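Look for chain A in each of the two complexes below; its partner is chain B in the first and chain C in the second.
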Partner chain A sequence: MSTASSGFKLSEWIFTTDHKRIGILYLIGSIAAFALAGIMALLIRIEQSSPGATIVSDVYTGGEQYNVWLYFHGAAMILGFLIPGLTGFAANYLIPLMIGAKDVAFPRINALSVWLFWAGIVVALLTFVVPDKPDFMWTGYPPYSIKSGGNLALYVFTVHLIGFSSILASVNFLVTIIYMRAPGMGWMQLNMFIWGSFTALIIQLVFVPVLAAAVTLLLFDRYLGTHFYDPSNGGDVLLYQNLFWFYSHPAVYVIFLPAMGIFYEIYATMAKNRIFNYKAAVYGMIGIVVVAGEVWVHHLYYSGMPDWIRIGQMVTTLLISVPVGLMTISMFGTLYKGAITFNIPMYYGVAALYLLLIGGLTGIPLAMTVMAVHLGETSFTHAHFHFIMGIFATFSVFAAVDFWFPKISGRMLHVGRAKVGFWLNFIGVNVTFWPLFIIGVDGMPRRYWDYSQFPAYFADYHKVATIGAFIVAVGMIITVSNWLFSAISGEKAGNNPWGSKSLEWTHTETPPGPGNFPKDVVVDAEWTPYNYSR
Partner chain B sequence: MANSSSGHGHVHHWETSVAPMLIVGGILFAVVFAFIGWFSYNSTMLAVVSAGVGTPLLLAGIAKWTGEALTQKPLVEGLSPAAMPIFIISEVFIFLSLFAGYWTMRLSAGADWPPAGTPTNFNLVLPIIMTVILVASSWTYHVAEAKLEHNDKAGFKSWVLISIVLGVIFLGCTFYEYSHLLHMKFTPSTNAYSSAFYSITGFHASHVLVGLGIFVTILLAAMRGLTNKYLTFCAGLYWHFVDIVWFFVASQVYYW
Partner chain C sequence: MKRVVSAMAMLGLGLTALLAQAGAPGAVPDPAASWNHLWRDVLIDLFIIGAVFLAAGLYWVFKYRATREGQVGEGPKLSKMAAISFAAVPAFLFMADDFYLAAKGWTVWNEYRNVPRNALEVKVTGSMWTWSFEYENGVTTIFDPDSKTGDGLVVPVGKPVVLRMNSVDVVHSFFLPEHRVKEDLMPGRVTYLWFQPKAVGETIATCSEYCGNRHSFMWTKVKAVPQAEFDQWLANMKKGGQGA
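Then we have the complex of A and B:
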């Protein structure tokens, strides 16, 4: 009954209130942001491949070009790609399908969210049009952001639009998960991705407003002459850093939790196994929500604070490894003795375990105050951060698209090209970031484009990293173009090609039409999305 | 804002709505581009044109949205009373952040408070009057809700109107106070206290304005014969929240 109306109608896409189509609109926007931010990364890597000026041509006027690349790379990757890719695309497409709902609680607000996100992208893109390009990193620290000639309003409104979009999406999806689960579906029967999103959305709801307030005060300081961040008039410049990281540290969990959820889905389905220690893993996710708000000050280790706060923050930061450890054990336990099918989503899944290990372990010395003095603000931090947040989370988005590709497009992914793309991506990120770990320990500061006052051998490592970045670029082009090719000419997919037990595979057509389910979904107490022994 | 769902029991076609995109277009032009034009590029022309393009889009979007929300049956009814408190949590955190900024400056100043440049004859009676007005408006809106429950549409409309009038008087007091203070050369850039004063009271006033916008929307819909108890309830919840925040604003900013 719920077959799609025949043919492609543009108005049914741009005015859509259907969660699946909104999810795809999020995906298109976030991949566009990813591509542009990736080009910025390549420019940064080319610049760093030699100690002095390589391609920046405005050396004598302050090198703003390079700062603009840093700004756009960070802002677009985090606000434009990772958060909308996970809590936008993945959450939209999957949450109603996984809980057996026909749509989200407020479809019109959902459409408002996606277009607010697109408006945020438009404002961010104005960076390349205006004469006064923002050049103050994605963090926008005062006093530089206030004194710089860069256009602060573009940055602040990008944050406002995408932040407002995130808050509305949080409200919408929290209500959807709480009130619209299929009859009979209890909290301990939910998909791990639902738990990952649920916990991430709580964090997003509480912390995004703080970022919005922080940048609003920045806007007032710059354009209305207030003194919130101005110490010479009774303000406090660290206030911004505190408010900013109060959101922006938990933001990594907004990305991390749904990413973990995606990998759980892949592991359970491909290993045909239950989630090992399901409840402990769920409590781990809830534990992250509880600890998320008490660790932000470790971003201010180098900004000056009393020692007792440093120690307290070290403890809370290390505490995060407890819930993460619970989840990791549960992941290995899910794979253990499973009947594993090694396909493309699983390639990304296994790579994710490695990235989680390296990225997680390199975070521990950074949490420790004594080590952090040496390693913080070096390219060691840069590499750690990219392993766990950049690549782990990016791989989760790519794995999600590959895993749900048959359901979304109705066609199978072309496996050969996907494998080439995967290996280039995986090899490329290692070639890029291992050299940065090594010279980071030797004292290479992060971000510098001119490092000619440092040991000469740093340049060799930077050259290797730059080669790695280009390998990744080729891999990404192959991966993304393969999605387009396969969506048009791939082999037709069945309703449940992976043999999953989860509702989005078992109870829908491929691709799902309006209203999602041909028949209303009801589940019994025995049902779980991972009940492979039944 | 409430009850926005376009689904029906069983869905056979792709649901669409033009309203969200109109609203986003309106915000982009009337807020973002107008602000950037005015403040970043000192261009009155750019600001006026942007506001001129954006405002009709925004109003058309809100009108379309309200019309759809009040005439179409949502997928699951009655979820907005659950959504509003969740949204208010995020509002609480915005206000907390602003207060955190104020408290930081206030506490680090120690005995040097209020800082030089603050008028000594600050009007401390007006905030009491404003408190009374806002509490009264919360009560009158509560009466309006009771009227609707008893299906007294005429009573509902008049009590919503009274609430709107009280809200406008409140904003009028703010306007009077601001112009008075600005006249005494107490501007947002005067000192730390003025920064916090204008930011916090201004941000609260913007919430009063949004609340009034929702009330006007409800009143206009009611005049067309369209009412919805969930929308009415959510608007009331928001208004009571704005009312409660005012107690914190008044006590912290004026009397501490």
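Then we have the complex of A and C:
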């Protein structure tokens, strides 16, 4: 009995403990969050397309509308789309299949995780229903978040639910990877996506509790009258910022590492090549786990922190380029002497190479304390993290869906539509974010909807960026609708359409049935997921 | 291995020389000019790295396309020594570049944080959603962005200005785009920044830490005038009943 032929029963999906179905539930939730957050992005872009009130009511109260869009866009993209898309959907669907396991270690806890995530999404959606809409950005900095009329409890409970879901998922997958690998599968034989997820989940397990604590204290300050962040009563404003970024910078790697893992899989499969210097890439990923917790102050370079720590963490932040550089070299090197086939996943793969460079390199000035003192909080920063966090990571989720689509749905993707979608997405993001880099260097601040104090040419750049956002929107609609369309009417896929050597392709049916593998998987010492030419 | 060691020694020497250059005495520091200079250097650095990687990546993508059915890649199986070198050499190069940038950044940073002794001190208070400026003689000014009235921050050309800043409500950030500097203001702490007004004219300062509804409108005029004019303005303000 395979998942495809059993017919659709809603109760089977609600009570499922099958990691593949749970993965798909994560995917549906995260794409829903992505769509809503994307609509917010369009509203933001329309508003910014000209100075003054463009679509908000007027210059005095317009902020009340605009700031809610900003809040929801940030919170939903990060907590609702990127993290669940990568450590929820991709991790769930792929980890057991790649290591030859029948399921995760704790399938029921896994089901709890996904429903906690959905509960988090529902609570986040209440934003649009309550009269006191949250307006304090996804960062929730006090004292503003405490003084604001916006509903802080909604924000904190969203973080609690999704955070709890993440912690449970981390434990579950770490145990799965450590104890449930197929007999004979050594650590240096693992898929790069497994390494990416493993390192990301360690970071998640260590740091999410810090975020949970930080926002809980916020809740206490607001509703119980405590003074953790209130300097007039012995508290400290910067305490929150430190706690928040102590989690939220590592959260970047929770997204980045599995995203890299996905592109490694695509590169190796489409180039039919071994990962170039596999061990260096693995140690690079482990290196990121080591430095992840020592760089958060680069988010506080102009926040009045002591000078010595601003300089100290400039050095640690710059040093991130070493592990990331090693990973990048091994990613590029995987193309070297390959036998590359171009198809949709590889389109995203090649785009990723460019996005990684632009996003990564523009991070270097922001890592330098003195450069950030001008560039920080401008649209240069905004464009930088959209290239690396927003677009690189989003493309990794899209590439993952496209790459594993035959396995998940049992059908092939319609190539033509997928290509149109890809090109619109790729062109659109460049049209959107290059202008923002440029006016960012000239001083355009983030989170502004009016910018009349700046030179008039800023409006031209904003207009171009707005056009870009709509190109992306069309691309995304085509891409996502193509998934639905192809899942229903695509050509039937074989078990291993890409000719991969990884277990999820070589040892399972398409789509894989309950228990994943018809026969128990055993691998020998020679096996790797990349042994195209021994 | 020997070569790596000698290269490291060279780099160490280079760094020392660079640091020694930092803060050469005599010259009037101009942080914004140093920033612009460093920005150009950083862009060149990034452009080189980016171009090398992008060229290699794109070249390989096109060069190593599969030409026949069933073809497999022939990427090298690295020997232990080769694997270590392919990790150690790039790691060393990246680190060298990091330390180079860190050293340069630190030099300019020192300019940013060491306030010249002759600096004019102005107290800045941020509140939702206004900036107010208090001069040493007690004169206080504000600027109203809606009516575009009020003096805002008035400074003399050629004299460094240090702002001692505090907020009465939420976190704000005083951002002077022309002067390439910003620093946050918050309750419970006094922060500072300094800048060097170079030419007569009007620029702006604007809030760059999100502070609610009117965040976009929290800006002020920054007017740089000749020293004599400044002195007169300050005296007139005082006479006009300000800061009694």
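The rule we apply is simple: the second predicted complex is superposed on the first by the 524 of 534 C-alpha atoms of A that agree within 3 Å, B and C clash if a C-alpha of one lies under 4 Å from a C-alpha of the other, contacts with A are read in each partner's own complex, and residues count from 1 in each chain.
Note that in this section a contact is a pair of C-beta atoms (placed from the backbone, for glycine too) under 8 Å apart; a residue touches a chain by one contact, two chains touch by 3 or more.
Since the model is a prediction, treat every value here as computed from it, not as a measurement.
> Following the superposition defined at the top, how do chain B and chain C come out on chain A, clash or fit?
In the superposition, chain B and chain C stay clear of each other.
> A:Tyr141 contacts which: chain B (first), chain C (second), both, neither?
The answer is second: A:Tyr141 touches chain C but not chain B.
> Between the C-alpha centres of chain B and chain C, what angle is found at the C-alpha centre of chain A, to the nearest 10 degrees?
Taking the centre of chain A as apex, the angle works out to 100 degrees.
> What's your read, chain B or chain C touching more residues of chain A?
Larger number of chain A residues touched: C.
> Considering only the touch criterion stated at the top, classify A:Asp236 as touching first (chain B), second (chain C), both, or neither.
both
> Between chain B (first) and chain C (second), which does A:Thr226 come into contact with in this model arrangement: first, second, both, or neither?
first
> When the two structures are overlaid on chain A, which partner does A:Gly23 contact: first (chain B), second (chain C), both, or neither?
neither
> Looking at A:Glu12, would you say it contacts chain B, chain C, both, or neither? Reply first, second, both or neither.
first
> Considering only touches as defined above, state whether A:Gly304 meets chain B (first), chain C (second), both or neither.
It touches chain C, and chain B stays clear.
> On the combined arrangement from the superposition, state the nearest Cα-Cα distance between chain B and chain C in Å.
Superposed on chain A, the two chains' closest C-alpha atoms are separated by 11 Å.
> Enumerate the residues of chain A that count as touching chain B in its complex and touching chain C in the other.
In chain A, residues 235-236 are touched by chain B and also by chain C.
> Show which residues of chain B lie in contact with chain A when the two form their complex.
Going by the criterion above, the answer is residues 1, 4-7, 10-21, 23-24, 27-28, 31-32, 35-36, 39-40, 65, 68-69, 75-76, 79-80, 82-83, 86-87, 89-91, 93-94, 96-98, 100-101, 104-105, 108-109, 112, 115, 187-189, 191-196, 198-199.
> Using the touch definition up top, name the residues of chain C that touch chain A in the complex.
For chain C paired with chain A, touching residues are 35, 38-39, 42, 45-46, 49-50, 53-54, 56-58, 60-61, 64-67, 71-78, 83, 86-87, 90-91, 94-95, 97-99, 101-102, 105-106, 108-109, 112-113, 145-146, 169-171, 173, 175, 177-178, 180-184, 186-189, 191, 204, 206-217, 219.
> Note which residues of chain A are touching chain B in the complex, please.
Interface residues on the chain A side: 1-2, 4-5, 11-12, 14-18, 21, 101-103, 105-109, 111-112, 115-116, 118-119, 122-123, 130, 132, 151, 153-154, 157, 161, 167, 170-172, 174-175, 178-180, 205-210, 212-214, 217, 220, 223-228, 233-236, 239, 242-243, 246, 514-515.
> Provide the residue numbers of chain A that touch chain C in the complex, in ascending order.
Chain A residues touching chain C: 59-61, 63-64, 67, 135-137, 141-144, 147-148, 231-232, 235-238, 271-274, 276-277, 279-280, 283, 302-304, 307, 310-311, 314-315, 318-319, 321-322, 325-326, 328-329, 332-342, 350, 353-354, 357-358, 361-362, 364-365, 368-371, 373-374, 376-378, 441-443, 445-451, 453-454, 532-533.
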